[in-house]
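Notes to accompany the following structure.
Letters are used for the chains, namely A, B and C, taken in the order the chains are written, and counting of residues starts over at 1 for each.
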Amino acid sequence: MNYNWNWGIFFEPSPEGAGTYADMLLSGLLWTILTALASWVIAFCLGSIIGVMRTLPSRAAQAVGTAYVELFRNVPLLVQMFLWYFVLPELLPAELGSRIKQLPNAPFYTAVICLGFFTAARVAEQVRAGIQALPRGQRLAGTAMGFTVAQTYRYVLLPNAYRIILPPMTSEFLNNLKNTSVALTIGLLELTARARSMQEFSFQVFEAFTAATILYVMINVVVIVAATLLERSLSIPGQR
Amino acid sequence: MLANLDLGVIVSSLPYLFGQGMVFTVTLTALAATMGVVLGTLLAILRLSGIPGVWHLAKGYVELMRSLPLVLVIFWFYFLVPYIGAWATGSPTPIQVGAFASALITFTMFEAAFFAEIMRAGIQSIPKGQTAAALALGMTRAQVMRTVVLPQAFRNMMPLLLTQTIILFQDTSLVYVLSLTDFLGAASKVAQRDGRLVEMYLFAAVVYFLICFMASALVRRLHSRVAIVR
Amino acid sequence: MTSTPIPAPDAPEPHSGPDPALADEGLAKGPLIPPSKAASGEPMIAIDGVSKWYGAFQVLTDCTTRVSKGEVVVVCGPSGSGKSTLIKCVNALEPFQKGQISVDGTKVKDRSTNLPKLRSRVGMVFQHFELFPHLSITDNLTIAQRKVLGRSGEDAKRRGLDLLARVGLSAHAEKFPGQLSGGQQQRVAIARALAMNPVVMLFDEPTSALDPEMVGEVLDVMVELARDGMTMMVVTHEMGFARKVADRVIFMDRGEIVEDATKDDFFGQPRSPRAQQFLSKILSH
């Protein structure tokens, strides 16, 4: 194999003018984290609502919840990304559409919304599974004490369901984080995109990808450690 | 707006979209799923083997793949495969492999990690008594795995393996980043050539939705049948 | 089964017999049984011609009975006879298609009825306790008082702890349900229901999920409650409890009320052959 390794490449200035290649990758990392966190907020809130809807007695609420999950789960993320970025502005009134297209950081906002809606479907499935895993008597007991449906969810079902689904929710969070890389197709300069452009400018393919790989692995480790600590702090004495 | 949608562009490009694009997507999905399940099962067995070094390696590989974005893995293999080819054949220069072969290797290697986790759960779900009973009959460890454990594990995990294959089907759209002509790639090329992004991307979304929706409905039915038998 | 007035507090409280301080206070801080609209004679629970179907399958057929203020009614019958379903209709946990139920004059099946409010006046104890696992015992006792009745945290806690003492579990106030035995959990569940000042208590097989050695401690609390004059409707197989404190026994089979008799009549000479059969089975072991 005749590949010319050059690990010093990270400290050479990038052709973008300001900073080194290392700075370039770190800025990518920052956008990855920012996009992941912002979209997770949407995914968590919307997903919880959709998931709860699928467990309500109302048939209509269940149908809306199911339709949402099926819709967002059965279209590839990349296609959804294109729909939000290329198609939606065209379908809106012309004025609004062009204003959206000219938005600074449009790829970022689009990615956040797209990932938020996409991941919400997966969060919803976890929330539903968590609520359905609780003994039926818990809902009855809450109701029997005079709680309204909303209070039963707020004080009885959700606190327990979220605890049960913490491990799979951690995976969903990490999936969401990894999925931010799909947004490079609409021009978001996140970590994978930055590694790719470093490779294009410097021809040091493997150094660039190795660095990106290490950074992704590090985020994974940090998230898993944080989730373990969270799980420990939320654990209930006497349970399992 | 929706009123000036041009459906003609969809109709006229159907042969291209399906004849080339969808054939590529389905072929890639089927081959990568088959090879991925085989490799994944192997990884699962290695990981459960308890052989020092071996199970660490298997675990490390699975964990690494699962912590990386697919897009990055696609880039990795796209550039790595020619060098691996050169190393394997002793060639002094990187070997050019076709775009399809590169994509196939990538998806096989990537999805194998996910199939491995499913198969690991499947193997572990078989009661220890089954292995004990087979060993008591005089079978070797390999025979027990092949004739007793794996058939049951496959059967139990079939719905999950198929669901993962549907995800793989969706994931293949990411070969877009290599400018390959899968179904989405074909739609995208027509969209850009004719300036008809709205029609083509909406149509692609509808096609993906219908296929995945029907496939997952079938898997659900299979799942309930398996559940009753057990 | 002993007849100690108040169950002895659990270990590790290092003293024998009831805590004198608690015994003195008793439930002086607020009556155990709040005043109700049900004046003398008017029934506390009136069940009139209740029928219920799951799809085409009829689970309750034309059930009618009355429970007066202060009365203890035991509902028994083979499993699947509809007794749990009937008791859950009383606080509308189960909807029913025909008939009517009134609790203290309030109709259960009526659009204008505020169901959460009605339910807050009806205490219910479940087979599997259904304490909220993520809340401490104190929080389990207070959450509905605060969120449903709007009591202050302080009032709710005082009342909750009073009742916890009454069921002999003061030492466990800060623990979580998972740290208590089944019998202890069920006693907490009874205290939790009582904390809401219910006018009626419903018990849905309160001892059938318990290990045999824990049945007594729960029944003792229930006996005590009955003697204090609480109106109670109890689904149970514990005929000893029925003999001791029940005023009436209702026997159900296949969704129907087959027998509705005073305790003495029921145990003396059950009229229906089905009830006779049931009694001979259940008393033989």
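Heads up, the rule we're going with is that a residue touches a chain if its C-beta (ideal position, glycine included) is under 8 Å from a C-beta of that chain, and two chains touch if they have at least 3 such contacts.
For each chain, UniProt lists the protein as follows: A = Glutamate ABC transporter permease; B = Glutamate/aspartate import permease protein GltK; C = Amino acid ABC transporter ATP-binding protein.
Every value quoted in this text rests on a predicted model; they were computed, and no experiment measured them.
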{"item": "Central chain (distance from its CA mean to the mean of all protein CA atoms)", "value": "A"}
{"item": "Most distant chain from chain B by Cα centroid", "value": "C"}
{"item": "Two chains joined by the most C-beta pairs in contact, as defined above", "value": "A-B"}
{"item": "Interchain centroid distance [CA atoms averaged], chain B/chain C, Å", "value": "56"}
{"item": "Rounded Å distance, chain A centre to chain C centre (Cα mean)", "value": "47"}
{"item": "Intercentroid distance (Cα basis), chain B paired with chain A, Å", "value": "21"}
{"item": "Chain C to chain A touching residues, read off their complex", "value": "88, 91, 93, 116-122, 124, 126-128, 130-134, 143-144, 147-149, 175-180, 192-193, 196"}
{"item": "Contacting residues of chain A [partner chain C, same complex]", "value": "135, 137-138, 140-148, 151, 155-156, 159-160, 163, 236-240"}
{"item": "Complex contacts: residues of chain B adjacent to chain A", "value": "1-2, 64, 67-72, 75-76, 79-80, 83, 86-87, 92-93, 170-171, 173-174, 176-177, 184, 188, 197-198, 201-202, 204-205, 208-209, 212-213, 216"}
{"item": "Contacting residues of chain A [partner chain B, same complex]", "value": "1-3, 70-71, 73-80, 82-83, 86-87, 90-91, 94, 174, 178-182, 184-185, 192, 195-196, 199, 205-206, 209, 212-213, 216-217, 220"}
